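Below is a structure I'd like to ask you about.
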Amino acid sequence: MSAASSATEPTAPRVRLLSRTVAASAIFVLMALIPVVSHLSDDPFLTLAFTRILVFAIAALSLDLILGFGALVSFGHAAYVGFGAYAVGVLMRHGVTDIFVQLACAIGLSAVFAAITGAIALRTRGVYFIMITLAFGQMAYFFFTSLSAYGGDDGMSLQNRSTVLGSDVLESNLVLFYVTLGTLVGLYLMATAIVNSRFGRVLQGTREDALRMQAIGFRPFRYQLAAFMIAGCMASVAGVLLANQAEFVSPAYMSWHRSGELIVMVILGGVGTLLGGIVGAVVVLLLEEWLSIFTTHWRMGLGLLLILVVLFSPKGIGGIFERVFGPRK
Amino acid sequence: MSARLEIRDLQKRFGALAVTDGISLDIAPGELHAVIGPNGAGKTTLVSQLSGQLRPDAGQVVYDGQDITHLDMAGRVRRGMARSFQITTILHGFTVLQNVALAVQARSGSSFRFFGRADAEAGLNDAAMVFLRQVGLADRAQDIARNLSHGEHRQLEFAIALATAPRLLLLDEPFAGTGREEAAQLLDLMQQIKGTQTILLVEHDMNAVFALADRVSVLVYGQIIATGTPDEIRANAEVRGAYLGEEETTASGAAGC
Amino acid sequence: MRTAWQTLAALAASTALVAGTAQAQDVKVGLVFTLSGPAAALGEQGRNGFMLAVEQLGGLGGLEATISEVDDEQQPDVAAGRVRELVQREEKQFIVGPIFSNILQAIMRPALDGGAFMISPNAGTSNYAGAECNENFFVTSYQNDQSHEVMGAYAEREGFESIFLLAPNYQAGRDSLAGVKRQFSGTVLSETYTPLGQLDFSGELAQIAALQPDAVFAFMPGGMGVNLVRQYEQAGLGEIPFLSAFTVDESTLSGQQAAALGKLAGANWAPDFDSDHSREFVAAYEERYGAIPGTYAMQAYDAAMLIDSAIRAVDGDLSDMDALRDALRQADFDSLRGNFRFNHNHYPIQDFYLTGVVQRDDGAFHTSILEKIFEDYADYYADACEMEW
Amino acid sequence: MTNLFLLQLLNGVQLGILLFLVAAGLTLIFGIMDFINIAHGVLYMVGAYLVATFAAMTGTFWLGLLIALPAVVAFGLFLEFFLFRRLYDRSHLDQVLATFGLMLILTEGVRMIWGSSPIFVPVPDALSGSIRLLGIINYPVYRIAIIAAGFAVAIGLYVLISHTRAGMLLRAGASNRPMVSALGVNITWLFAAVFAFGAMLAGFAGAMVAPVLSVDPGMGESVLILAFVVVVIGGIGSVKGAFVAAIVVGVVDTMGRTFGPILLQMVLDPSAASQTGRTLAPMLIYILMALVLAIRPSGLFGRRGAA
């Protein structure tokens, strides 16, 4: 996975950091203005649609944390989004509507699943790792598909959104949007902190070469496992929000197509930049919506874009931005 | 005298081939002990077993009186055994300073710290700078490791090895592939370090070995055929026959295993 | 989202785009079908059927029809988002769709909360037929279990003593087999569930060969049905009666062809249904789209006819939801399947037939009505629906 | 019970053979060029569509197959020349992204040309019907033909790889790429040849199953994941591994679905057994893969540390 290792080469780190911060702030501010646009254009739908995009941005961000900084290409990452969604759906069914309880369950379940499957998967490398994570993701998918009591394959629709300490503020699309945006910003800051922390440094060192890390006294496994668990838990937060956005929970959220889509978002946006995952999610989802207006063969347009990006911008869309706006070497 | 490192009847076979065939060796604290041998003698295999990268089939590795035969590489490093060169410890995407600071970090405090910029930790950086100064790389601290010259990479390797606070340095062919000028630089550096550290030097380059070593062991076909001071080894007929005589004909490069 | 783009574009151009400028004299309909991916063939039939009716009628109920079609991608959350867009942004008054039950579950609330009438031309799940029935939700197809019940009843009547049941391992599959068993009192030798999307049925066919049941019932929609039927023939099981639902129909026959001859199915209609209206429809559809329509197209066509009839009944006044609802309930249109009215849960009361596959003189295959099994058949769940009118 | 067991065994082997044909090319391309080709399943689909088209045009399956195979090879070479060639020295992630994009394009292309509905390919007359095997079971002749053809290909591949100069290059290439260029072989040509060969195998698999399976735009995608499972279980780059893994996957999947519930009933009560069986059946091959990788992280015949 040499792309991963070269993607974050910190040329003139400070300048880069500054431009990242500026870019991140710009993106988040633009996002925050969506409801205003939505209001001005009398188009309430826009807010809700962008909420979904933000949710996937969270999921892509969490994947970028392990894919971009740990070279751990998880092909089962959508499972955690599903865990989050089912934590909401199942608890709702049993009358537990508080979002904090749901979040706690989602995160707990994800941590346990990630710990177990990660411990096994991290024995493998490269493509083997990709495939073994796919296997675990598929197991989770089929498990929920067979859960007749909770709708099985049909999924289940929610009667209401989650409550926050007894209040139903999330019923407002506007509130849900800003809660989601706030979560995204919070998790982005958290992920940035993690990447720059002692832990993040070890993780990135391991990405470059696990053997070298051992040679200076680290045991990479535990750091990779911890990162794998953190990313899973973050993705499950996205799942909790997705269930609230769609007001529907379905095993389709955890299929391998979704995991693949997340990987595509991260690579397209630019691996190992954190912001790249977010940009990738926004671009892929907007493009999908936009292209599908013109033709039911919209997948062809998406495919073309992917190929063009790979051929002409090896660092993803983030690379294009960097070339245009970023500091020159 | 209690040895820093005792190797007791170490054995390793790859299929029918005995690559390490009953090696026993003691290394005293403060000593620079060199192991030489022709290509295919099993030098790298021996170092790999000492560093924990390979498991021996039989025998023991005792370090400071403790049996560490079954300890993994990271565990050995944490006890102060640093391996360098054939396994390069440099992370090319990191800056020079980050490389060394990471090694400092490995032995100072938990790395399960998720917040706080590691780059801004004065404790790590200051300690790292000490080692960079020692090897003469202080002025390149902020450069990306990838952009260093070949010789500077070797200096950085040393800095990283020293930063792990070693009590025993396993230097695995540091002179392999160096030009004359670089070799001279490296020799200088090792002269400096010598005496402050216990060093096991596995090397192909005769000049360096005879200039540096306190004692030399000669490895041929997985066995140590002689151990002694450089002068003794030079005078040893068996060694001459098995090894020194063919020195000119063996190419440097891929080491045995 | 489509309009979001337009909106953004408009904002960028600093021109105020005024939404909802359409005149009162047009009816806004959103079609939600699976139009991409492997199952697109079914969605295309639904869309084509609906659009054909609109073309023939020159609008809906005498009004201009503004129709947007969206692709649900067979993904529930995508579908939910796009339906929300249809009702909130485009102010669609009618949402017509989808094909798949899990999509229906996902889009029901967005559509109804947005104040639209929801008309399903295919998916008819049990929850919305029973306790969760809704005054603004109508189904022009059937309740999902019914086609299966037809076959259960047929097996019962034929006096089969043992039967082998086969369905994909998902909710609709389990519902299907439950429907058969409700009507069939003989021995169920095996109730086999296969992974969704299974390609090769050799394992199941081997079991059938070993068990030698009096009949086989299979529910294998789409490509799975193509595989199953062809492999059934090749395995030499042709003599064991093959009963099915949604496994041999106009969406699969192009791939099954002669292998499907003699296979039986339960349905509420077939292209050779004996009425002028139906014959005209089939001919027009074939002419327009170059394929024989199946029930997916027929039911969507009827959905358009239903909307048309209701709008006519209220003289084009779409503002009064109650009046419109009453008009919809009357189902005062000439259904392609003749006998059609709504039960109190807004699911149809209609006739069900045993169909078989035949080859036309021009070589094309289609299903054909063999006999009527149920007359004026209402679904099993209607009792649980408390709606009255 | 013995009958059923034998039948299922044959069925498992047949599924395995099919997977092997697709996976063999994938693993070769993977092992030799270090290239992950997500679009490999599309070649399988294209093979099926081409044989359907040419069989309909010529009126016989065999002639259709004869024209379809070179057509698939040509198509594979076309893709190699215009796209894949530019991706060989890129990272795995870039390869995944680009070939995933290609898969989307080609799948939509197939939909545009042939429509979304499944299309029909007749079983060739000579191979229709079923015969009695061992005097106790009926088995479709065509499936026996698939098994035979698959084994013939497997044996051919074995001879090619172990006993010819080209095979030696392939083996060398799979384990040590620089060595092959050191031998003075034109890498560009070798890669193109391997790719064409892989495309032909996948296309051949698609063509062979066209009379048995539904030929529709989803068929490439559904076989792709299975083929990857096979490649990974077998060990990347190992054709022998792919063969063993393919047969194992085919047999485990087929047998597990039939006999799993029966076995479960011995330890659980019937309803719990059927519920558990239903939950586990679709997971079987994934469980198998996870188990194999947990015990042998580089697959059954993989080189250690390979990726």
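We call the chains A, B, C and D, going by the order they appear; numbering starts again at 1 in every chain.
Quick note on the criterion: contacts are C-beta pairs under 8 Å (C-beta built on N, C-alpha and C of every residue); 3 or more make two chains touch, one makes a residue touch a chain.
No experiment lies behind these values; they were computed from the predicted model shown.
Chemist: Measuring centre to centre with C-alpha atoms, which chain is farthest from chain C?
Modeler: B
Chemist: By the contact definition above, name the pair with the higher C-beta contact count: A-B or A-D.
Modeler: Per the contact counts, A-D leads.
Chemist: Would you kindly tell me how far, in whole Å, the mean C-alpha position of chain B lies from that of chain A?
Modeler: Computed from C-alpha means, the inter-chain centre distance equals 43 Å.
Chemist: Cα centroid separation between chain B and chain D, in whole Å?
Modeler: The answer is 48 Å.
Chemist: Using mean CA coordinates as chain centres, what's the chain A-chain D distance in Å?
Modeler: So the centroids are 32 Å from each other.
Chemist: Please report how many Å separate the Cα centroid of chain C from that of chain D, as a whole number.
Modeler: Centre separation, chain C to chain D: 35 Å.
Chemist: Please list all residues of chain D that touch 2 or more other chains.
Modeler: Answer for chain D, listing residues that touch two or more other chains: 108, 111, 278, 282.
Chemist: Residues of chain A that contact two or more other chains, please.
Modeler: 142, 145-146, 297, 299
Chemist: Hey, what residues on chain B touch two or more of the other chains?
Modeler: none
Chemist: Pairs of chains that touch, anyone?
Modeler: Here the touching chain pairs work out to A-B, A-C, A-D, C-D.
Chemist: What does chain D use to touch chain A in their complex?
Modeler: So the residues of chain D in touch with chain A come to 30, 36, 83, 86-87, 90-94, 96-98, 100-105, 107-109, 111-112, 225, 228-229, 232, 236, 275, 278-279, 282-283, 286-287, 289-290, 293-294, 297-299, 302, 305-307.
Chemist: Where on chain A is chain D touching in the complex?
Modeler: For this pair, the touching residues of chain A are 1-4, 73, 120-121, 123-128, 131-132, 134-136, 138-139, 142-143, 145-146, 256, 260, 263-264, 267-268, 271, 297, 299-300, 302-307, 309-311, 314.
Chemist: In the complex, go through chain A and note every residue touching chain C.
Modeler: 37, 40-46, 48-49, 52, 142, 145-146, 148, 151-157, 242, 245-248, 250, 252-253, 286, 289-290, 292-293, 296-299
Chemist: Which positions of chain B touch chain A when the two form their complex?
Modeler: Going through chain B, the ones touching chain A are 51, 53, 72-75, 77-78, 82-84, 87-95, 98, 102-103, 105-107, 109-119, 121, 144, 146, 160, 163-164.
Chemist: Help me check something: in the complex, which residues belonging to chain C touch chain D?
Modeler: 36-41, 44, 169, 191, 193-197, 199-200, 202-204, 206-207, 209-210, 222-224, 226-227, 230-231, 234-236, 251-252, 254-258, 291
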